[in-house]
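For reference, chains read A, B, C, D, E and F in written order, and residue numbers begin at 1 within each chain.
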């Protein structure tokens, strides 16, 4: 390209600078532009933690009995130090200070340490989830296959890690981890949800589980199930709703088939089965068997051309 | 593997060559095999443009006041030169010539330059989208969180960039960018759609917005909403339909809840609310509040074992 | 961090070791931890095979007439050798032996060789799929665009490769390949399904096709279509169901619109059209035109505020 | 770092810009800044050509009989296309035009093609060099070891490739390749030198062979040997000397031991031996055995402290 | 490998830990293990600074008039921030404190800023060096070739950058940069040496220039020249010698041919020529022409077999 | 490039194939092409072992007390497994069999295990070398600087590792490691040489130490020192000389200054000093102080123009 025939970059840079400064002002962050946790770093952290929990299957295929604990220890060390740094960014961002306070640095360290201590418990929970998947899917041939193949297990792994962080008071990091799973699997579990052991999601694309949902033990979901909030009335001030319990409670041993939608703070009693595509906005007692009204299954069949 | 025990590669290569040549002949491209824009290059271009528009949050966390404009300028320079090259490939492909004509080279350059000039406007639009998300989701804690977490924002960013290119007459590049977003987020917005400011998609998996859809200001969608075409009658010649306005018009201030399906060139009047799972193939006046017929919400509940 | 203020890694490592050993014992794999095929390797293998089948469009844009067969040959060589190794891992895993037996090594080689020989046939099938997409979507401008843009084509490419492997007796590798497509596209086709030529899936997010589904020639699906099994009765022993034909048969020339759900071993007769969101659990004769019962399309419309 | 406390980058950028423009003006290249061949690209080209010539030992260890020619063909294709591009840069640079002329593009292609045709001959020559090293070094255990271990062989490989290019009229590319070898091995052979078969350099660090040196068959050199030009008289106009034959002629079957220096257009007759550290500026007849004057070997030995 | 047949890693780890702790104790660094500047980071910093000074030739070949300053600015920004961090490590290491003091952080910043301001001057000096090389070597075809090909220029570029840092009081970083050049080129210039403009080293392998050497303007050296210290008398306490002026002074317009050795604080008067392989330990007046004693050039020549 | 205008690759491939096959035949390796240890793998192995021995200074700068042993253990595990594989290649190559025998696999494992056990001893030796360098160079400021800066230490580290392997009967791997050091530093130490503790090489470029050299404790060398074999008489059969003790013995506490050449199986008595550029082919008693004959230091000095 000859001189003078460029892309007009200088002008674009100047305009973007003005917009950036206006935006920082409007967000009251002039001079303190946000430095958020890094998606790429969180991706590596989660992969590292998963590899540490399941080193043979998700770590390296060449691990030996002798080397495996060194791999686990080193992988944890790298992942936890990086997590500690990302948590520092979240706390700095939340503090609105110019640099990380000593107090927040100590808090990031305390959270990381406490989080590390929960990893064995998370591995135990995930073992129950894997077992549930193996027992719940006639196509599953082994628990090992379940761990490496099933997107539901990937999503639950992200969820169980993110949920601990959410509870520890770092919701932004937790949410970013949840979105990593969402992008990979199409399964969108808010890290605030509370989910018991032996949880299984089959296929999974389109599943949405809201922030205040509560799910018991041994629950099974299929693709496109929504456990959501009811619509917010027009004109409502959204801020008021924050933190309200607005998503369903699903008790133990419930199965919810594909495409079912359950909205609002309703309770699905234990042992219930919710049929495919059901739309449910009220509570049902234990042992319920909910299916679509007949009208919905009466498809109208005509012969083409008739 | 011992000699003579190979995979039969030579035979496979020969057969694939024959098929390739037949296919080139049938597409009338013998001697001019298509060299299309590169997915990998477009991925880097979009990431670069997003980083240039939002350098603190999507660029590098270590940027300082002094260095940020250099980062923005260099990132734009690299991204725009690569885009220019990809556009050259699309124009060559479309021209069916052996090599890029001077005219097409000049056109690629003109498109790139004009595209660059729209980036500040795109950043402005995205700021309105982010604000809408922040205001529209009770779970959102800050606008910064929205930008880095919400898949809807990622999809809209891709869309707003692709839409400009689509209008500039490079639909293949535009479409490839749209598919990058689709793969990341499960949200499929055709770059031909026309979408106003303050647009928000929550959760988003399974959303489909068709080529001729028109969406006003301040519209909010949830996961699995379809703004599609009606079914094409059996036996129709698909080519005739090309370019026809066949997707919905959604006016300002409309909310469409999860799973709703709106098909055909119908109009959703401003301020309307479309309920979850609604199936709609006719226009509704402004201020409408559309929900499923009662039958659909009457799920049949029985107690298991009864 | 000062000494003594660490993350407690040693303790976590020790606890994870105990859990890992318990898990290996319970899976009867003590001393033989599973070394499964690698997701990363399979990703590279599939990309290599796709590049070999479509080198101009999915390989390298700089290929010349002289160099293209060398590229194809070398790319195949690398991909097939890696596949051979992954198959060895699956067979070892299945054998429950300490190391790959000579018999299994020979079997991996035989499978790889036979698989290689099917690649030209797979390319032919994919050409019919691409043609069907081009003819079936009014927005498609060229067959080349279809190949590089349409997620449906990406999913079908993975499926057609995985299906051959599934039939050859390596279902774990096949399943992992299917999940790669699922993660990329939101389309979940079990490699056991049997699908004829000229197959087209538009948009595709949320499509699920079960293990024993049978799909004829010239079938077209839209997003969120499920070809699934009926619910399993409560208390059933899942293992009994394994391998049973439990998913639909879709005959030639059928179109199934977005969100339709077809469950169980039912047959959709040739030339039928299944409307959007239809829920279907019984067979329909050839030429049927199935739409939702009227109730479902009668949305209740009210004016907001009224 | 707080705003206003930066590194002063803008000022440095401005000053560097001024210096750059002055330098371009003084080199009469304003508006045509030099775009030279890329060191990184040449490194990859040479590695590729070496791998193509010796695929088992320098290519990939996993090559099979079936795959090896595909590897060689593809590796050559990539390397030659890249070489063609680098040659275009050299010709453009030499032409002082704004863009590559058609004539120069054709010339780059012709050079590349002719160069490719010499590769088998170069491999033959290198086989003689390897054999000479194997026979000439009592420490060599196999010819395979020689090829992968000996820096002399690496340097000669670079030289033989660069020499062909030098003769073809692309001396800058040739020189850059020679410097790649120099950096790797400490052996500096100007690509203009003319060297016969069965050439061996042992250890090699510090060897310098000048542009117009002529070396016959079966010559062996040790480390730190210089085949250089005599000093240029003070006040001489360097430009006059260009191209003059100013370096030694070394006939067949000569051995030159470590540290020997031979300067000027002298001839070392065939079958001669030049001793270590010899300083030689006149011709010697065939069969000479040159050693340092006795004085030089009479080191003065005293006992410390005496 | 079966369990129990490992490499004995745990035992090696334990022994290495003990040795490490003993070593830290003996160096009085227990609890403060040294975290030194990173070789890899310094390699990238130097490459970045060279690219910023010579962006067309050492930066990216695709730079345009429009983009070049953005490239330079961003490259400087990245390099200087990384340098600032490395300098912080050196200062921390030197301070023997647990963490970087505010004072040292400020000092690192001040050094970096002052260093940045010298870059234009360094570019000017390098332009004189390149010109000297071009004029001094009959084989040089253009100044551009000199910059990209000549190892002497690479070594001097490293030296000129390192020398500024050495003078600024960060000798470890300076030394590490010098060793990067040494490894690349075989030229070992201590960053403490003081070297005037128009400096040229041809071939260069084996050149050694000591810490207190002083070299004037327009000096030319060939390979294997040593400007060193005289031997240290046996029994001397090395620490006393630190910082003493113990290397030669070379005045303006001196040429020193290959292999010459000049030792001790002697002065080579301006305009002198030192012949190849000369061994010199005393000063020579301006205009001297030093060559080896005749004995050294009287090689003894015999005819083999005689 | 138009079809028919290619590089002639097919012809080159065919010719290279013929040459390759001829070469394999002449080396009696038809059907068993050599698969040698990989340079790249050995580079990573040595870097890993050095990092394990000196994790704070050569490993990662972010290591903490808690994480360091995990880093060391994992780094060793990776390096030793890779070494084991490379050793398998050398043994297979030496065996001339088609695949690695069980016996050789066991031998590779035994060598690796024994090699691992020597690492603490090697670290101890290197600590003595570092201390010697620190004490022997007035320019050295700390032992930490010595480890990260001095090429002599890098060369000795490679040597000490390679020497163990050489003694264990894997000379090819050992030699390849030595050449890695040679390329990095210009120092060429044959792994067969036997070198005591507290060994120091300053500057180092051009140093050559032969296979059968024996060097005592506390020896110091400068650049370009050769400890070589005497010339081999013309007509000698090189094979006979293999393994003969043909390089010097250097006793404890010897210093050899730059450029000195010591040839043949001579002994330098303990405590001797050998001056710069000395040429020595006979033994000298303990405490000798050897310098050049006076003639050599009598440079002839003239005033230019006189």
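The criterion applied here is as follows: a residue touches a chain if its C-beta (ideal position, glycine included) is under 8 Å from a C-beta of that chain, and two chains touch if they have at least 3 such contacts.
Quantities reported herein were computed from a predicted structural model and do not represent experimental measurements.
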Centre-to-centre on C-alpha atoms, which chain is most distant from subunit E?
C
I need the pair from D-F, B-C or B-D whose contacts repeat those of A-E. Over half of the residue-number contact pairs should coincide.
B-D
Hey, which chain ends up farthest from subunit A, C-alpha centres compared?
D
Hey, how far is the Cα centre of subunit C from the one of subunit D, in Å?
53
Computed distance of Cα centres, subunit F from subunit B, in Å
58
For subunit E and subunit F, let me know how many angstrom lie between their CA-based centres, rounded off.
24
In subunit E, what residues contact two or more other chains?
1, 3, 6-7, 9-10, 13, 64, 66-67, 69-70, 73, 76-77, 81, 186, 205-206, 224, 234, 259, 273, 275, 277, 292, 295-296, 304
Going by the contact rule set out above, which residues of subunit E touch subunit A in the complex?
1, 3-4, 6-7, 9-10, 13, 64-67, 70
Over in the complex, which subunit D residues touch subunit F? Could you list them?
52-57, 61-63, 68-69, 72-73, 76-77, 80-81, 84, 109, 112-113, 116-117, 119-120, 123-124, 127, 135-139, 141-145, 148-151, 184-186, 203, 205-206, 223-224, 234, 255, 257-259, 273, 275-277, 292, 295-305
Which residues of subunit D touch subunit C once you look at their complex with the stated criterion?
62, 64, 66-67, 69-71, 73-78, 81
Please give the residue numbers of subunit D that touch subunit E in the complex, ascending.
1, 5-13, 15-17, 19-20, 23, 27, 33-36, 38-39, 89, 93, 171-172, 175-176, 179, 182-183, 186, 188, 190, 192, 205-206, 208, 211, 224, 226, 228-229, 231-232, 234, 238-239, 241-242, 244, 246, 259, 261, 263, 271-273, 275, 278-281, 284-285, 287-296, 304
